[in-house]
Amino acid sequence: MKKLIRGLNEFRQNYVRGHQELLEQLSHGQKPRVLFIACSDSRVAPNLITNTDIGELFIIRNAGNIIPPYGAANGGEGGTLEYAIDALGIEQVIVCGHSHCGAMKGLLKLNKLQKDMPLVYDWLKHAEATRRLVQENYPDLTDEEFIETLVAENVLIQIDNLKTYPVVKAKLHQGKLKIYAWIYKIETGEVLAYDAKTHTYVAPQSQLPIDNSSDDIYSLAPSVANQTPA
Amino acid sequence: MKKLIRGLNEFRQNYVRGHQELLEQLSHGQKPRVLFIACSDSRVAPNLITNTDIGELFIIRNAGNIIPPYGAANGGEGGTLEYAIDALGIEQVIVCGHSHCGAMKGLLKLNKLQKDMPLVYDWLKHAEATRRLVQENYPDLTDEEFIETLVAENVLIQIDNLKTYPVVKAKLHQGKLKIYAWIYKIETGEVLAYDAKTHTYVAPQSQLPIDNSSDDIYSLAPSVANQTPA
Amino acid sequence: MKKLIRGLNEFRQNYVRGHQELLEQLSHGQKPRVLFIACSDSRVAPNLITNTDIGELFIIRNAGNIIPPYGAANGGEGGTLEYAIDALGIEQVIVCGHSHCGAMKGLLKLNKLQKDMPLVYDWLKHAEATRRLVQENYPDLTDEEFIETLVAENVLIQIDNLKTYPVVKAKLHQGKLKIYAWIYKIETGEVLAYDAKTHTYVAPQSQLPIDNSSDDIYSLAPSVANQTPA
Amino acid sequence: MKKLIRGLNEFRQNYVRGHQELLEQLSHGQKPRVLFIACSDSRVAPNLITNTDIGELFIIRNAGNIIPPYGAANGGEGGTLEYAIDALGIEQVIVCGHSHCGAMKGLLKLNKLQKDMPLVYDWLKHAEATRRLVQENYPDLTDEEFIETLVAENVLIQIDNLKTYPVVKAKLHQGKLKIYAWIYKIETGEVLAYDAKTHTYVAPQSQLPIDNSSDDIYSLAPSVANQTPA
Amino acid sequence: MKKLIRGLNEFRQNYVRGHQELLEQLSHGQKPRVLFIACSDSRVAPNLITNTDIGELFIIRNAGNIIPPYGAANGGEGGTLEYAIDALGIEQVIVCGHSHCGAMKGLLKLNKLQKDMPLVYDWLKHAEATRRLVQENYPDLTDEEFIETLVAENVLIQIDNLKTYPVVKAKLHQGKLKIYAWIYKIETGEVLAYDAKTHTYVAPQSQLPIDNSSDDIYSLAPSVANQTPA
Amino acid sequence: MKKLIRGLNEFRQNYVRGHQELLEQLSHGQKPRVLFIACSDSRVAPNLITNTDIGELFIIRNAGNIIPPYGAANGGEGGTLEYAIDALGIEQVIVCGHSHCGAMKGLLKLNKLQKDMPLVYDWLKHAEATRRLVQENYPDLTDEEFIETLVAENVLIQIDNLKTYPVVKAKLHQGKLKIYAWIYKIETGEVLAYDAKTHTYVAPQSQLPIDNSSDDIYSLAPSVANQTPA
């Protein structure tokens, strides 16, 4: 805790001094461009890995970067994303999984969890589709590959859940919302983005359009969102 | 989105290169010391304001840094904090509110929210105690003071909610868990910590013990755990 | 009621006499090929409009042919579809809306419903995405067109909900499940099927493949199902 | 699926041509006389067995013809029956079980279901009273008799559940609603109706009154409904 | 509070001294004969009005002597009555309403309650059948008569709710459980018992059988219970 | 039942005759000073042990004197306590556990309960914090001591739950509500009250202030409200 307090001081002496204008301006309101949904894992640092500043990312974090389907839970996920899109007008959502995710590992030992950590067990029910899909469709994986596959499929499944929300559905239909599937690799600091055309995760850079003059028309792997019938 | 991809590259070129050992080591498991519960607000950046590195903070973020009481919600909050304490052995929890919080402002216009953002409305029921406490006990505040008071009382109320969880109750009783109430001031980058003795939020530094040789016995405003604000 | 009893007799004298073998055989177990999800509306008659016999369609019927997302309701929908797919091995699902649907009309007068028929109001929350999507995306419709559009979009939205179920997700991924979107026109007895390529509802016959030698490889508008990432 | 499309055509060429007036008339609104609650089982065909036409039966179908008590579920059952009685003015309800019901068989292997089909398991909790009543009161049955008894008692128990709904309670008290308990025998196409006086299921024909001039005063086994205190 | 402490002393000096044997015996286990369900109202005193001693009545008390149907609530009512019947073997249940009940009065001002006392409002949903039944069936009552009728019908409706519980259903079927409907008149100290034959509340004494040699075969107005199909 | 009817007569002949004025006055409204929350156990008799009269105690009773946290249950507890404090203006709450409590014993055999009494099992989840706290913090207790400790800690934990309710939180903050923790010893008729200063249960009399002129300023162990047991 001492270390944290020291850190608070360092932050004020270093960062705050150099960003007084930004802080003052932000005190009048936030205007983030992106809703970033990530795991609570301490090794995932949204602002750091995207090199974004204070004020740029609106962030939801829970174990497993899970978004229960609309109506399936009364925790913070639904209200927070509704606020992000309806109140803040955010038009880009990133669901970001990560390698070595403890929540995904939990899907492999649900019996133990039911007894030892009943709330974790209950929470992981919202990733039951992930577990079952991988279990039934990937029979010959090593343990490590199994976890990797859970991580990758889970991001897509949570995006499908996301798309059951009225606000998301309505905005997608209008073309006013794009949803991106990312995986962060802890060991290399690399991010992969889902490419719907090839059904694989690829380097996001490889998807950069030639004419990238406008950020608004840029579209990185937004095809996940496009799967919604128009 | 282009900007984010550029950021990913910058992160790899700058940070990753200089922290390869750390990343490699973290890929074998996380060992965070603190569970940090904060608002999804883009202006709140836990790692930045505490100057902590990847791997140090396990983070829950939702609109309003709210923790519904045990059994009151089936969202990510309960399972994630159970995981933090039971699986990761975390012994320090910080609930961090912030100035100008949109969720707290929402408590003042619930009628409008019920119609326009029903999920936000439902979510804020878990802060109804905050709303009612401030409404009934602080009659003569300006609007700005009112929001500030909501923010301050809400952190304490969410800590009381936190204390209804079996894992939290059991660890507090053993003295193996400390809970801290913080408020982050967006405009100044300052953090205040709740001091139970004086029922006020104070500069955390002022509470540093003279003999601070050990982080474990150091205790910053841990008295929140021992009591309800009066 | 007299009429119904007379009908029971007519059924036994006419149908039963001519289908004793079928009935006897079915008494040893059902083997339906299709899960048919339709509105409770008395004007929708699944077996009649598909000219199918006893034993061919496993049927869920409720007001509005609604399937709440996985985890969002504890009524009969979830268990019944899980039974259909997991226990009976059904591999084809039809979600069938219909013109002049009273439930869809209900979406236009929710305020009145909340007071007069609170359970209908609660139930229609599972079609809130339908309401909002149409309201925000189709500004210039006549009342009649508005209902028609609600009916058409609702079928697609309920299919998206369907796809949040673990059993559905897993089977879709294996290519062992196809989901069809139908609309039944009460006034003409006509059925339209959703064609994902053109984002329109078309005559199902027009989609018949040239080589239709096998029912198993035949694919009518299954592209809704294909939207799931593989 | 080819077969279904062929059926759609046959329906239009045969049925629709001969019923154009009826269809046209029904397109202006439905006026069903009966709410028919039946199992999703493909072998149960409400319109066929009662020889009723399009427009006569408003139909709820789920696994086990179960109606959870008022407030116990947020699926389609409650809203749909409220709509039937309050919006359509239906005054007759038939709850129709059937022999060889898979849902009733499920009550005998709940342990297996809890693991293999968790949603079916959850759904059957609403028939737990059926299971326990039969288990404790009929000790010496063969397996087949046991299933038969579950089917028979379940219909009565679901009727008791039905009677917990405000709309049902109010209409029963006014004598404006009658509830009938039926069992359909798959092997013979026969229907039995519950006779409250003798506590047995009997042929519905045997209950026909001598003077049956009016359908309104005709009363087939409505005594189940009369059990409600007036 | 001083008064209460004085009362504790008086209890020990007066009652305890004279009942040491009873208390000692009860410390080895309770053996109550009756489950008494009453309103929390301070004017209702189950032990006093039945002149029963410590150990005789197992008591549930909440606002309005309400028992939500099986599955409709996760409060104390369900678990407590299951414990009473299954663990303690209680075979007699009394649901006791009372005149001037504040909860019943609340049914007349639900709009106000929804805003001012949301939890009371939510709780009274379990008495919505009472409200609707009386509103629709008793058009010409004075306010006072209206309340009286709500009280009387509510007891019967809560008994119907009670009968949806598996344990209740099973025991009723075995004839091992009797349920009684009582109303306590605050102004006169009188109790009325529901008589199913006449559909009225009568003096319980008037129902005493001539041969009352055995308490076990004595049956006061148990016909409410008999309404369950056997 | 005969005995109870005899008791009703005795009550009218003895008590009612001597308290006609009180009853008449109470028929115009109740004005209880205390909300008394106790177990349903037949051996606990709130009015008797406090020697209070009709009209003095507003009483909630369920198995285990449990108050689920705000939002965690929709049974009678929340609405009833809201009514007590908001509608009746009650300013004193007593949560009263008792020795040999069957509900607390249930916490030691949850596995068995889950199978045999599922509703009791579900209900005891609201005392899971009690179970875990005692299990992890009191390793060397005999069975009897274990039960005693569960009873004692459970009262304090339920008081913490109570403090999550908006109405309770707001009134505590105003100093308009006091909460007391009591344990009733069945074998001796003795009551112990929790003393926050010493973290022990003590004879309530020992806490009487010297100057006890006013009941309003009298304060028996009200410090429970101010803190969590350590």
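To keep things simple, chains are lettered A, B, C, D, E and F as they appear, and every chain counts its residues starting from 1.
We take it that contacts are C-beta pairs under 8 Å (C-beta built on N, C-alpha and C of every residue); 3 or more make two chains touch, one makes a residue touch a chain.
Because the structure is a prediction, the values reported are computed rather than measured.
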Where subunit C and subunit F overlap in contact partners, by chain label: none
Path length in the contact graph (subunit B to subunit C, fewest steps): 2
Option in D-E, B-F or A-B whose residue-number contact pairs overlap C-D by over half: A-B
Furthest chain, CA centroid comparison against subunit D: B
Size of the rotation, in steps of 5 degrees, that lays the CA trace of subunit B over subunit E: 120
Between subunit D and subunit B, distance of the C-alpha-averaged centres to the nearest whole Å: 52
Distance between chain centroids, defined by C-alpha means - subunit A, subunit C (Å): 33
Gap in Å, rounded to a whole number, between the CA centres of subunit F and subunit E: 20
Residues of subunit C touching at least two other chains: 68, 72-73, 165
Overall pattern in which the protein chains touch one another (line/ring/star/complete/other): ring
Chains listed in ring sequence, where subunit B comes first and subunit F follows it: B, F, E, D, C, A
Contact set on subunit A toward subunit B in their complex: 1-12, 14-16, 19, 23-24, 26-27, 29-30, 32, 34, 40-43, 45, 47-52, 54-64, 66, 68, 72-84, 86-87, 92, 94, 99-100, 102-103, 106, 116-124, 165, 178, 180, 186-191, 204-205, 208, 212, 215, 218-220
Complex interface listing, subunit B residues touching subunit F: 68-73, 125-126, 128-129, 131-133, 135-137, 157, 160-161, 163-167, 169-170, 172-174, 225-230
